[in-house]
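Every chain is named by a letter (A, B, C, D, E and F) in the order it is written, and numbering of its residues begins at 1.
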Amino acid sequence: MTDMRILVLNPNTSEGITARLMAAATPVAAPGTELVPLTASRGVPYIATRAEAQIGGAIALEMLAEHQAGFDAAIIAAFGDPGLMGARELFDLPVVGMAEAAMLSACMLGRRFAIVTFARALGPWYEECVDMHGLHGRLAGIRMLDGSFASVSDVQEEKEAVLVELANRAVAEDEADVVILAGAPLAGLAARVRDRIPVPVVDQMAAAVKQAEALVALQPRKATAGTFRRPDAKPTIGLAQALAARIEHR
Amino acid sequence: MTDMRILVLNPNTSEGITARLMAAATPVAAPGTELVPLTASRGVPYIATRAEAQIGGAIALEMLAEHQAGFDAAIIAAFGDPGLMGARELFDLPVVGMAEAAMLSACMLGRRFAIVTFARALGPWYEECVDMHGLHGRLAGIRMLDGSFASVSDVQEEKEAVLVELANRAVAEDEADVVILAGAPLAGLAARVRDRIPVPVVDQMAAAVKQAEALVALQPRKATAGTFRRPDAKPTIGLAQALAARIEHR
Amino acid sequence: MTDMRILVLNPNTSEGITARLMAAATPVAAPGTELVPLTASRGVPYIATRAEAQIGGAIALEMLAEHQAGFDAAIIAAFGDPGLMGARELFDLPVVGMAEAAMLSACMLGRRFAIVTFARALGPWYEECVDMHGLHGRLAGIRMLDGSFASVSDVQEEKEAVLVELANRAVAEDEADVVILAGAPLAGLAARVRDRIPVPVVDQMAAAVKQAEALVALQPRKATAGTFRRPDAKPTIGLAQALAARIEHR
Amino acid sequence: MTDMRILVLNPNTSEGITARLMAAATPVAAPGTELVPLTASRGVPYIATRAEAQIGGAIALEMLAEHQAGFDAAIIAAFGDPGLMGARELFDLPVVGMAEAAMLSACMLGRRFAIVTFARALGPWYEECVDMHGLHGRLAGIRMLDGSFASVSDVQEEKEAVLVELANRAVAEDEADVVILAGAPLAGLAARVRDRIPVPVVDQMAAAVKQAEALVALQPRKATAGTFRRPDAKPTIGLAQALAARIEHR
Amino acid sequence: MTDMRILVLNPNTSEGITARLMAAATPVAAPGTELVPLTASRGVPYIATRAEAQIGGAIALEMLAEHQAGFDAAIIAAFGDPGLMGARELFDLPVVGMAEAAMLSACMLGRRFAIVTFARALGPWYEECVDMHGLHGRLAGIRMLDGSFASVSDVQEEKEAVLVELANRAVAEDEADVVILAGAPLAGLAARVRDRIPVPVVDQMAAAVKQAEALVALQPRKATAGTFRRPDAKPTIGLAQALAARIEHR
Amino acid sequence: MTDMRILVLNPNTSEGITARLMAAATPVAAPGTELVPLTASRGVPYIATRAEAQIGGAIALEMLAEHQAGFDAAIIAAFGDPGLMGARELFDLPVVGMAEAAMLSACMLGRRFAIVTFARALGPWYEECVDMHGLHGRLAGIRMLDGSFASVSDVQEEKEAVLVELANRAVAEDEADVVILAGAPLAGLAARVRDRIPVPVVDQMAAAVKQAEALVALQPRKATAGTFRRPDAKPTIGLAQALAARIEHR
């Protein structure tokens, strides 16, 4: 295996979340894997709804257009995978979604996975993400915390006990074989709580790093046929410069 | 029925397509329905891929944020429904997608509908739109024209004969009970060709107008619960002004 | 839009229900839309089971055969849509089912709709109707009142409070984004209770009128191919006269 | 096993088809099983479309109401199972559909069954029957003869060679593991052609007899709960006398 | 109907279970049907998990290879149907699974069946069996007893009351129209408790006998095409002698 | 990342295939990953049917019971994943199936993957494997070579040209976005032919190694709840010694 550079793209504007993501990612990277973080410079602190995902996904494409050169793969490090399919179509390098990576990894550890997250607003968006990936039949359920929290960057500490309790209820009541602690602010939590949950717990960011490495190892070519070939050149108006250049084949 | 104002939002930058849409829409509007066109001022001339839909959907949200005040309903007048679910969540007025309106109308005219369109690139995006609406079981198939055309605004005249032939093959070979001529540049074509196709043909824009009128007639309140309630206020950075104001509850 | 005449066919023998249906329909009809009621002269007062739907659907076909001439569209105004697919096959005018119209309209107002009705017996039939239309993936659930009521014609007033409570539970517990108050005796109830339910509420009869208008506006031809073309002539024995004539192509 | 009497109900008016059905049924009946034929006295000679199935199903309920007393089970001997679910709800004895019996038997002989029939018009109705039974995932496909035939009662001899050819194409091209020769006029054909088809061939009527015997052997009680309990008494107007009595609990 | 010999293959090593199976089977066999029991000589006393089903299914193939000669059909008499698809492929006689027979029979008695069983460990395996047969849409749910029992051979007497209670809860809470008392140790229980459950109760072994008889009556040929034709000869190492001979076409 | 040892379990008896597998696996292993091959000492040279998978899966469990100690993960290196779910239940270390790994990896490179293999007999088994993993919605189709070949160990060289042609047809005709060259004898072929196929090509063995590494990195605990907890101790008769010990908790 040769060395590789992986872009960890946080489509949220919160640097605190990027720090969480990198802290979870670094320990599992293979020797020779370099992880480079990138935080959105516009958008919202934390994507949590369909509308924000629509906007944040477009921003993810802008970020990739500007920064992807020189990388072997990119991770869109938001659970819900905003912009993923467009990115996979538009760019030549492999792009992995953090939700996708977590769910596909979970599939190898049991029959049904539960998604446990920290805010009720996230449920519908996550469920539509599960559907987008065709994995509805593998989903045990989505469990969401009610109520508010002090800071999204620290919600994993603040709510640790109740998140563990939700995970345990998913196992006991929903027949979950695996638990995914979902939402970028929860990155890294799995390592701390896995002893208190009686089934395998998937850390979304750890999964994303390993899946990005796996794709690089497979040396996939960019499709020149099928539905993910690069679209033909097309004029644009008023788009971010690098994104416009990519779409216009400049 | 009281009078109503409906926004016809074209998320493409092509004014020629807007003209097509309005020409198809106007004849079917009920007395008292006012249709107001709006063309995107940034983006691409014609959305045709997943990446463009990601970007165009975000632009549709910007357009709605700036212009929706004073309307009773809005139509996102691009087949593929870019930004639809986010718009339905973020704004208070009913929002209809043109693909959604065409497909749901087609469901009342037979068991399976065919989607016939003018470019191969559109197929995957349209299929994912069918899946998004949970209508896969009602789809007979998607038929796409191969080859290039002179102008997207005039493709419906240039390719009329082959589009009719595709529609007829969908009926003969795919067991389609209904045909949708799909893609904004084909708006209005149905009226001209329906005598040459042996099953009902749905005009996407006509369907969208009537479905928008139907929703207004139902007087639906904005959800304050469920997954389409308006998201809580949230700070933003670098978004278009009106959209930022909407998200921030300003 | 030209004027149109729509047949409102109640396959139940209860005139009280027909009155309810017309009261809900009239306010939403477009200028120029004439609604003509027709009550079954044989059958049961209120169709509520699979067996009754089998019989009532055959009666609906008899009624259409006798009365459809001169109409632009027909509504089968019973939730469960008895006889709908046969009618769509046998006759030349567009025919809309009340359940179909309500569900398709609801699809444009959220992701999942709940069906709330006034009697436990209706549940299985309604669920099979959802399946028939391929909309299972959009259903949040069916909530049914237990217990008896004084009169089916007045059940909507008698049970108003508990029906609203059921609707609210569907929103809170089943993640319904939209509520359909289902069953012809509940026609018109939506307008009275919508302020007490935190998501859009669809009135089935209002939806049916607007969908019938939409179909007329689309000017769909009668299929001469596909699975809804008119069946070839065939001899009959012992059927109602007009229906026999229609089947025999007399 | 005690002796049993099974009603073979042909909802078509053609006595010739009843004769075909009995000829196929008799050889497979167990010792002690008495099969009693009953032909519809009103309706169409041969049910072939959705509208005819709606009518024929109601007639099947009339026939059962009048004749079911004294039988241990009944077979609705038309592929497509008109009236089956209503019959199962309304009456106390087990009722089997001929399509249902053939398909469920076929499931035990391979993974996917093909339905081969003698007229194009039958396809849509049969497909909806497959869906009604939730067996879509087990269907390899439906193959239909084009063109006309001299007599529906003798179509199995007239078209024997082409039906065999269709069956063989279903095996070769659709990956069918089992073939059902479908439609009451084809009853008994399986025995004559099975040596010319390289997979198991199910005779629909033979299957129906054995499944009816199986149900009687299981001694199933009439449900007093669940969705197939007998509906409560209800007044009727203008229905056939015995059916009215059954619905009214007289 | 000619006489027939059916092999009742118990892939468990418990003779007590075989006795239960035969006691349930014998009363429903048609005159002329001879049932011959066979108990596994190696394996586990009672298959209850995926791993045990993997092993027990291979043992069932060994047993069939050694004993199937001279039989008209075979029953794999373990709910979960270990080895069924392989057996159907490898051998020439019809082979029925006990779960398959029970579920398909249940389909003719209602819309949704519940599976009620005596140990929590059995649930996942049974659910995968339902999926294997493509019957997920017909399943109301699986209800399992918690806690331990004295002897698997006598669990049906020991737990009779709680099993009946579970069945009644499946009817009341899961909308089950039919109940299957599942797991070989429960064979014969249905006859004893059916008066205490308000919907039809299917005895798995009785169903299996009748379905085996049905298949024999259909006189299905061994497929020489399709996915269940006998595999080509292939060398083996270290397999049980008769099984090796069958695979090697010796 | 710490060092890890991964067992590459070939449930076939062919050492030539094991050599192929190791040749494909070795180049992609991360630094510190040790791959240890193990070939079945009993069974068939190459598993290709449902019956052989039933037997081979049981043999895989025997092999794991005897050899898994000291490994961090195991790969069941046969496309079709014989014994996978049982292994995941019975043993404490993560176990990956080669088909599973290839398919889940392919999901990250496009929407639909094609499976291309070298023998017609493999199709049904592979399709059931796709279903077992709930990935049917992601499958573009299975393409199989007809005709015989000289040696299973060298089939990838002998049939290279036609396999590439099949892959290209899957892209052109089935809308495959990704191609999996499936079946252990094809391990390593992807690297040689990927320049002749216009979409990403997944090597099944390379995918399996990277997925096994990914699972080890996630440090999943053995489930003590859910459907993959280790079954309780149970007596056995006549099973391979190590497997018996595992099942008996000795």
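Criterion: a contact is a pair of C-beta atoms (placed from the backbone, for glycine too) under 8 Å apart; a residue touches a chain by one contact, two chains touch by 3 or more.
Which chain is which protein? Per UniProt: A, B, C, D, E, F = Hydantoin racemase.
No experiment lies behind these values; they were computed from the predicted model shown.
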item	value
Turning angle required so that chain D (Hydantoin racemase) lies on chain F (Hydantoin racemase), C-alpha fit (0 to 180°, nearest 5)	120
Between B-C and C-D, the pair with more C-beta contacts	B-C
Listed pair (A-F, B-C or A-B) duplicating the E-F contact set, over half by residue number	A-B
Cα-centroid distance, chain A (Hydantoin racemase) relative to chain D (Hydantoin racemase), in whole angstrom	52
Rounded Å distance, chain A (Hydantoin racemase) centre to chain C (Hydantoin racemase) centre (Cα mean)	44
Residues of chain B (Hydantoin racemase) whose C-beta touches two or more other chains	85, 111, 123-124, 128, 175, 227
Parts of chain F (Hydantoin racemase) lying in touch with chain A (Hydantoin racemase), wherever the complex brings them together	1, 27-32, 85, 88, 94, 96, 100-101, 104-105, 107-112, 133-135, 137-138, 171-172, 175-178, 190-191, 194-195, 198-203, 206-207, 209-211, 213-215, 217-221, 223-229
Footprint of chain C (Hydantoin racemase) on chain D (Hydantoin racemase) - complex, ascending	13, 41-46, 48-55, 57-58, 61, 83, 85-87, 89-90, 121, 123-124, 128, 131-132, 227, 231-232, 234-239, 243, 247
